[in-house]
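Labels A, B, C and D are assigned to the chains in the order they are written; within every chain, residues are numbered from 1.
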Amino acid sequence: MSLTNINVRGYHIDLYGHVNNARYLEFLEEARWELLDKTVDRDKWHRQGIGLSVVNININYRRPAVMGDRLEIKTTLERIGRKSVVLKQVIAKTGDRRLVAEALVTFVIVNMKTLQAIPVSDEIRAELTAING
Amino acid sequence: MSLTNINVRGYHIDLYGHVNNARYLEFLEEARWELLDKTVDRDKWHRQGIGLSVVNININYRRPAVMGDRLEIKTTLERIGRKSVVLKQVIAKTGDRRLVAEALVTFVIVNMKTLQAIPVSDEIRAELTAING
Amino acid sequence: MSLTNINVRGYHIDLYGHVNNARYLEFLEEARWELLDKTVDRDKWHRQGIGLSVVNININYRRPAVMGDRLEIKTTLERIGRKSVVLKQVIAKTGDRRLVAEALVTFVIVNMKTLQAIPVSDEIRAELTAING
Amino acid sequence: MSLTNINVRGYHIDLYGHVNNARYLEFLEEARWELLDKTVDRDKWHRQGIGLSVVNININYRRPAVMGDRLEIKTTLERIGRKSVVLKQVIAKTGDRRLVAEALVTFVIVNMKTLQAIPVSDEIRAELTAING
């Protein structure tokens, strides 16, 4: 589990006075990098020529975030399959914990040369399972 | 049905050499504005104080788009419920038609003052049904 | 003076493997909001119906920032004229302090209703001068 | 000289109801790619291992662009020095031609391997001079 904090700024806001729905995907990516910094040996992944590739994002927008909001993104491991990994990312307002958005983000492990998906090895499984630990 | 063309440029590309997954949501929004320009009387919506609010995006990333790609986004009406509207948006490479991404985007009609969802009126239903016409 | 930290992430990077030049302007805006949070009573500005409007940005790109870089943005007041305010913003790599970019950002104070520039009052002058204090 | 058209959409707009100042740099980059598509043999540049690197952007924001505006970006060659090239990019509202922003964008030609600036060769000078032709 990893927590990432975002302050909503003027450039995050769109025509409707709310954080734009594309911007949330940058917030989620920010949170995933922070998570990976803490849990995964990215140098080793790089040496092994493997990486993560997003294949699906399913995001529910629950409540608009507005200028000045402080957001907290909680990222947890939802499940690991034979070839795919699902993270759950929940964005809430810091303080009153009201839900802003929640997303399931599905990855595959890819060979960075061929960009083909490869099975999740036991080693990677252990590394990713530690996310919730 | 509406077609929008996008040329993939250097600023769309991320670390992996592909269009970043957040950027696709801007491409989809671009395509929806183009669709609305053609099918909906936005001045009337504005006078009536109603608008669209995205409540869910479910996007599959099928194949990376890279620098220089020309993309075509096809937007169609998937279904209209009592309180929600679903658009289907398919992004393919112009020319060989290879699929890049496909998304279902779910909206509700909202009262712009209260931001509460309101039922889809017959008038709006007719206007949106014309999208596929 | 205000310091803002940014971690360079995959979505900041463009075709060339560097932070895209447009993205730096978001980094600079982020730093300015952080500065304003600390030095300016924005509620009062809001009640008085005044705001800041950027009229010029002059940015030198000195050295590319790449994935994984940690950046530090130092924002200082460069000068206050009768109708304009200039901030200096310097982006350097955290650690070895190597210069990445430096910008002068010129604002005017505007009446938020008319969007016309108004003279910098003594009160605002004092508030902004405190930035370097 | 090259003309690029942009329709201002909801996701371009920020807290102030105007196109955000960082977004203009994406508009300018879009216009430069369109220009390069027409005037430069990028495959040849790629084979020769040379590229363009932005070293300075000086942009004046003259008048806000708002939702629904149609913008036209005119890009011209301002000057070529021994080691640098300056493009002028003017953004105006389509129709009444009111000025929105104008920028000088300075590049150097770089060896893509070393990222060091190299002198502008006669061949490149001829290619870039044709921009205004």
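In the analysis below, contacts are C-beta pairs under 8 Å (C-beta built on N, C-alpha and C of every residue); 3 or more make two chains touch, one makes a residue touch a chain.
Just so it is clear, the model here is predicted, and its values are computed rather than measured.
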Report back the single chain whose CA centre is most distant from the CA centre of chain A.
D
Two candidates, B-D and A-D; the one with more touching C-beta pairs is A-D
Taking each chain's centre as the mean of its CA atoms, how far is chain C from chain D in angstrom?
23
For chain B and chain D, what's the span in angstrom between their mean Cα positions?
28
Between the Cα centroids of chain A and chain D the separation in whole angstrom comes to 34
Using the touch rule from the top of the page, what residues of chain D touch 2 or more other chains?
10-11, 16, 20, 22, 26, 29
Residues of chain D that touch chain A when the two form their complex
10-11, 13-17, 20, 22, 67
Tell me, which parts of chain B touch chain A in their complex?
16, 20-23, 25-26, 29, 51, 53-61, 64, 115
Tell me, which parts of chain B touch chain D in their complex?
7, 9-11, 26, 29-30, 33-34
